[in-house]
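Remarks on the structure that follows.
Naming follows writing order (A, B, C and D), and every chain is counted from residue 1.
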């Protein structure tokens, strides 16, 4: 039997403590809603938050994590650089990483991308329609032509990211913008998936299609234990004839 | 329980009938060696060959095929255009396609690529080393740094194909050439994987690493039943305000 | 001094003859408006149309064409296969090709793509906004954040094309859809650029930004005379040691 | 008349001072050989080195640089982080960057890539053959099928970089390895080109084909002054109807 995929959902978990409107939507925190929404046979889920020691991301936790899901917004700067380095290292070794919504500005995402990860935004609760542009991609499995979210924060292009390895979703916004909403990357042995929706004041993480996409992302990003690259000084594999 | 993946291995099956040297290596045909090598729990394998009616690729067979594996060499021109169109249609609807070695010049591969699919070649039985360049890719799972094949036909760049969606393997040849040996593409709802090795006079399709790669390819290319694109004239989703 | 880039604008040229509303917008034909709009120092432009002998695309014309621009809509089936093959051959040898709007369904585009090139559409004259998603791309040079077209036909995803080598533009439509509007590909030695806007009943090809993009596309697609691939049987470059 | 492209060639410039064998090959430093080799009409070249104040990369110098070429090897750690940040900022604003050989391990390249940029290596002076795999790419202009370098350091896969936007060259090495030798990326408004050859003890930067590739890279990476992305909070472009 295949071993379960071990997921850790990381949440900044500040809005929910400080803002009644957010708490009404996510009484136990965004991370609990996501964890609840993606838990299923073959997937073990735990959570971690900013204010835990080491942000809940000790070496032990990361070593037991196959896929890390990241939600942060107002306190990116409070995430310690040493923890960011540790997460990056684990991604390069094969841990999957799913970055949600405002996590586009997290230290870990910017570090893995190498760009500013800037974008345009507007918060008026407009309609978003997330179109599938690569229906052959496993992350789009079970999704129809698009996912509609009645009220969301708008993110607009230009989104300053490297060209995605694969572009799975593009969002339409009522106010006139588009956005590359579902982007995949390989980084070292690890797989990274950025997925746009999820402003803290909307019940987006209860939407079955949104949860389906995140669950698909977990399956896609879970590490394999196959090809192992080697980096070092190396002896010749063939007899060299041209040496001076 | 997940339903089994249904694979059809298609082989031209002429060399084996006409050439004693080939028959010694593949007494029952290349297709039987491949079928035998990839059969495992969760994978059902059948075969089809050129000289069967409709080349063994009736509508019924294709409709019951999740992944089609293609080996052809000297008789690409004898494959009927109607059958090629049928295979293309099934790929666009989601059937996976794995094209091996000299299948680079098959009608179906050229039709899906849109280019000449030309390359350089040399048959002197030189050494090939197939390096993994994307160790995060599921098709490289379980492979070390490279697969070594002691004697193979050489294929060299330039290989006139569209830029691969993903480049998984690059081959080194003893005689001085390189080749993009493992290339993936999405075409419609279908996934296509080209994998280079397998000249008919070498026992390449008994090599456990080569079989592992083909098996990985089967898992990767097997169709999902998710996002279903719709193509048609469509009514507005939003009320249009700018109409003249 | 650099030699001029020689452009041929090909137009089906049927709507303009048969439909008064179209003729009012493009009295001399779409091809003349485009030719006029992109003519500048260093760019020589001629035109060709469906009903000319060999559709105006004789071997001589194609041999003297650096970049071919293609607009067709209602008579794709009337383009002779032999001419399509001739154009494909020239693209693989290095001629640039810019496919506009309904040319997505032309024989030549489908042949170079290998997919159905299907899409969704709606003709109610809604607003289109073409966003730049790759501002570093030379085809976006001189364009602001987006190009706005007050009235256009809608094209919506899923657009059944291979993953673009580069995605330069994404369109937003008032009625609720998005579309990958500016897509580049290499095919052999040739460069292909698909650009979405240009329904025959709207004055889109007088829009300075649209003309700027097409002009940029001409510069980008114009052939170089550099690396020349060779495809043939080849002798070993290195002494082979592993031959049986 | 088009303004000249302003190039700054940056070199660590330590080997040449400390090692007689290197000095014999590059008496004035690698940077002077490269500068000399790429200087031509329309290209102005200056140099900068590690031990100059601010490593020769003051704000003024960078503001007047269209394309920065980077060679470093043994003292990556001595490059100040503030200067690295400054270079990254300029790349995101549109400055081109060409990273040569051992520059794969420079702070600026690793920062723009987000990965370890590790690889395998061996220094025995073996033969390298750099094959063109994308002959339509402007960086390959004027190059034949491959560039041969009789004696070079080997770099082998796996090279831990993000998937290149475009893969232009792949190297073959006599000792049995392959390497993705010519890789392009967009980062923000800037273009990045990694090119492999150039160990300090070999006269690689006098090779006309190598200089041709670097010159092509300069032309390709030189900034355009076109599409200017905007990142900020933004007002709706369309009247929003769905607001709660």
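One rule holds in what follows: contacts are C-beta pairs under 8 Å (C-beta built on N, C-alpha and C of every residue); 3 or more make two chains touch, one makes a residue touch a chain.
Everything numeric here is computed off the predicted structure, so don't read it as measured data.
The chains in contact with chain C as well as with chain D are A, B. Among the remaining chains, C is positioned farthest from chain A, on the basis of C-alpha centroids. Centre to centre, using the average C-alpha position, chain B and chain C are separated by 30 Å.
Centroids of chain A and chain C (each the mean of its C-alpha atoms) stand 36 Å apart. Under the contact definition stated at the top, the residues of chain B that touch 2 or more other chains are 129, 132, 134-135, 145, 156-158, 163, 165-166, 174, 176-177, 186-188, 229-230, 237-238, 241. Interface of chain A with chain C (complex): residues 129, 131-135, 145, 156-159, 163, 166-167, 170-173, 176-178, 180, 239, 241. Listed in rising order, the residues of chain A touching chain B in the complex are 94, 129, 132, 134-138, 140-145, 165-166, 174, 186-191, 216, 224-230, 237-238. Residues of chain C that touch chain B in their complex: 88, 92, 111-116, 118-122, 124-127, 150-151, 154, 156-158, 160, 162-163, 165, 174-177, 185-188, 229-238, 240-244.
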